[in-house]
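Right, one structure below, let's go through it.
Labels A, B, C, D, E and F are assigned to the chains in the order they are written; within every chain, residues are numbered from 1.
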């Protein structure tokens, strides 16, 4: 470890809610080490306050591309929104690896258990996620996806835990051996939920950053 | 980062060739940080000198299980053989995550490109790998697997690079956007091959350890 | 057929090349009937001169959405670019059906033969198309996709026919019983190629408009 | 549109119930235009009064083939029975396209929504339809198939609507974004059901004829 | 083994070529034992001299159904034509098991090797077989299917062996660990080809009769 | 049938419970004929009293391999444990065919019905079986797997029948047209359950031995 400093990992919150960015930043502190790559968490200024509709997701694509182009120094990028907006574009704009958190969350869960479950924030997103997982070619590993029925704003709060535990248990009952939190902002609940369920729980942003570390350091 | 020291990552070379273990250990140095988890590389004393046949792979399963049981302190295990021997067993013997390098290599490649290719050491292993990837449910992402035609002993040496580059180019021609080195011992060739191909190249042991870091630190 | 006039079918060329729009318009004349729905072919003013890169495709998404919202009178929309840009967005913005020509071309080919082949304009687009077809869940029906190696500008010209025929024959050799022209602008070659190959050849824009007719009239 | 008159589309009701043929004919009136192709609806004289059993379906295959051979003037054929009897045979007997309504209905639904649902007339037909959809390679797009529990004779009547709406809502709850009426005779209920569900509803015979129009006119 | 005599296995050659029936009968002699079920080989009088076209296959369906109904004493039926004609119908007409030789051959090969290959008599049948194997849901196990290029009449003769061996080796090169003879009449070549290839070779009629024995005796 | 005596079929019970072996032996008596192959049922002395955990399954792999090597005279082997332990290894150690009963049971069920169901002894084994069936590439044929909730020791007893019938009916309700008994020891219940359900019920050991007969005799 006496070589040049590793290049930074740039994590982008594509919505303009800086509280979300701060939450992501806190959840990633565990991956910062002396001599290790910087992990910068940025807020996409052009983003909507929350990425909820398909239009919200589409609206951040070009701004994400421009951000990527402004950071030729980056060693890797993480797009911290479970819809993986802009992933295809950004990959064409930089030779650095670009990770989407849905992809990374799903792939990391597949390294932990034969079948996985997903906790979606809302019923409406399940269809989009299924389409993404079909595109990924991994549907045979999906045990189920179930909606939390709690607003995004509340999803990191204490009040959400009971709902998370209920949905998590239902997914375990569906056959899931690992659970993915289908949102960028639920990391604070991760460990507690894993303990309650007795099964691994994946925060997808942490999963993506771990993969980014692997890419930057190898 | 002021909490207790993270638990160690235990990487097991299931063959008894300590030179292979030393090579793995060197390839993983990049993942060691002050305050980060220890990454211990162990040689399975009961293992054959090389894991080549199906019998070799089966013979290490119970010893791997015993090793896992002797290390309740471990935060994660990595089984550093591309056949992923003992993965199913070890996962039943410890609550800690256990990563197989074939699984981790494939999943990490899937986070880098839509379709991936695999460089196999020998023609004979391709069928086994296809069976494993079918079990993983990821065959729709495989662009191709091709054999290097070089002995394991030579696979990390300079002489192997020309063969690697030739096979890598053929896989890119098959549509692979990322290449997996289908062996625990080819890490030293990784960066050079990636440069030559202009495509990401995944060392599966590094990929597994990055995932293990993610699991231990999150 | 004494009811109100059917609502128009709005076909959008997402690039700003009006010659392409004119070609599409000409290819769709066969679907215009007295008393039938108008088939309007529009040029997306905000579009690039050609949609070739991923950025080009992303750049037209929001403008396509705005166009769709400006036409609440439309009975159906067709996005006339084989990358199907904006399809997901537009479907959330209007209750009218929205057809992408890649989707419609593939589905129409599946109604003509057990396995189909695709003629891609360029090698570079094959990977994107495979990803789209995996998302569609139809890869088991694909016999092959092969690149024409001719620029888009030339793809409707006489000079391209020899290349088309050569690639078409290769796809038939791959097992394709129907051939899709993987581009919005090759309709003038369709009938001649079908005759030469003795197999159905699908122009995807015509296929999408036929489906749109079905949706508007039913 | 000043060329020769387009060749007729021949729609065959493979059962001998002329009331069913008349209903199909009425549902297809919307596709008839001045100068457009004739759409002839024929009753297969040799057919059973209803195609309900596997033997019924097999018994119409050779007669359908003979009918196809007697119509070399046809531009396209539609076999108007949801079991798609004789489809494989007829395709070998004519160069004209032959559409089966199950195939066309499923493919058209796939152009309208990511996942579709099917309303079956009877529980007994669900297994056969699943087998057909597996053969089509489209099972990953199926949200569900549910039986109406109403006899074929009644399926177009007012009394069936409540059952249709109940089953349709259950399919939407299964994740279906488009609903296929799994029978040749339910077209009169289509629009009303679509309004009630707020989702596209596909009459498979209309879907097949729209595809036939596309093939005849292009 | 002191119970009543087991019920007979009725093997039907759906073509009217009695030489083919005699060949099948000879190939099944190995399965006849004192006290074991009779294995009767019947020629379908109504069948064509050879089942080659789709029409030939359809023409035998109803006669096969009638034959099945005339034999309520049968313990199991085998339809000895690789197109599996009448399989769906016959299964609805008798409670006795009905085996198709394509199905039985494929399933038996899957019990012998991870991936299998098929020797087709003619190029033209490969597409139909792929469609059948997709319907079976087993395409991920297919290493390849290749045509022999020898007429059915000759397929059991000595002259065909060189072609068989050449095609068999190519399939082994495709990754096939077991080879299926895709025709009812090649049993005499089976053992010699297996010896030449060093891989199991499946005669599908023998495979079906072994399964029928299992069903009748269990 | 005047050739040399056929080579014996060696059926190995990998647990050391000789009562289980005796039960298997009794269930296979129906396949023994004068002049037919001997069917020897052996108990693996090194096996645990029951194969229940993953460790139990792994522990018998090498002993099974050694047993196979000690029997070069065998014409075929059957590993009579539904986890199919040692199957991959044994296939590399002998040129004789080696059948696993899970594989044989599933494949035999696929010859009897379009979709099958599995009765598992315990909830815990369902996940392992799904993984095996994914590896087999046959998940599209699975209607469902449900646990019996009765201990292995009791699974052949009269008391288990009510549970079997209840689970079997539920699987039929899931769409299963054939039912597999997911255990080596339930053969005595097979015929009675088939009668109760009106659907074929497969004892996997009998299914494997029927396939072995086919391989030995052909």
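In this section, contacts are C-beta pairs under 8 Å (C-beta built on N, C-alpha and C of every residue); 3 or more make two chains touch, one makes a residue touch a chain.
Model, not experiment: these values are computed from the prediction.
Touch-path distance (fewest steps) from chain A to chain E is 2.
Contacts with chain C and chain D are shared by A, E. Homomeric contact chain B/chain C is classed as different-residue, with under half of its interface positions used by both copies. Set against the C-alpha centre of chain B, every other chain centre is closer than that of D. The chain with its Cα centroid farthest from the Cα centroid of chain E is A.
Averaged C-alpha coordinates give centres for chain D and chain F that are 43 Å from one another.
With centres defined as mean CA coordinates, chain F is found 52 Å away from chain C.
Among all residues of chain E, those that touch two or more other chains are 131, 134, 137, 139-140.
Chain pairs that touch one another, listed by label: A-B, A-C, A-D, A-F, B-C, B-E, B-F, C-D, C-E, D-E, D-F, E-F. Touching chain B in their complex are the following residues of chain F: 53-55, 58-59, 61-62, 65, 86, 88-89, 91-93, 131, 134-135, 137.
For chain F in complex with chain A, the touching residues are 126-127, 130-131, 134, 139. On the chain B side of its complex with chain C, the touching residues are 114-115, 140, 175, 177.
Residues 1, 29-36, 97, 99, 103-104, 107-108, 110-112, 136-141, 187, 190-191, 200, 203, 206-211, 213-215, 217-218 of chain C touch chain D in their complex.
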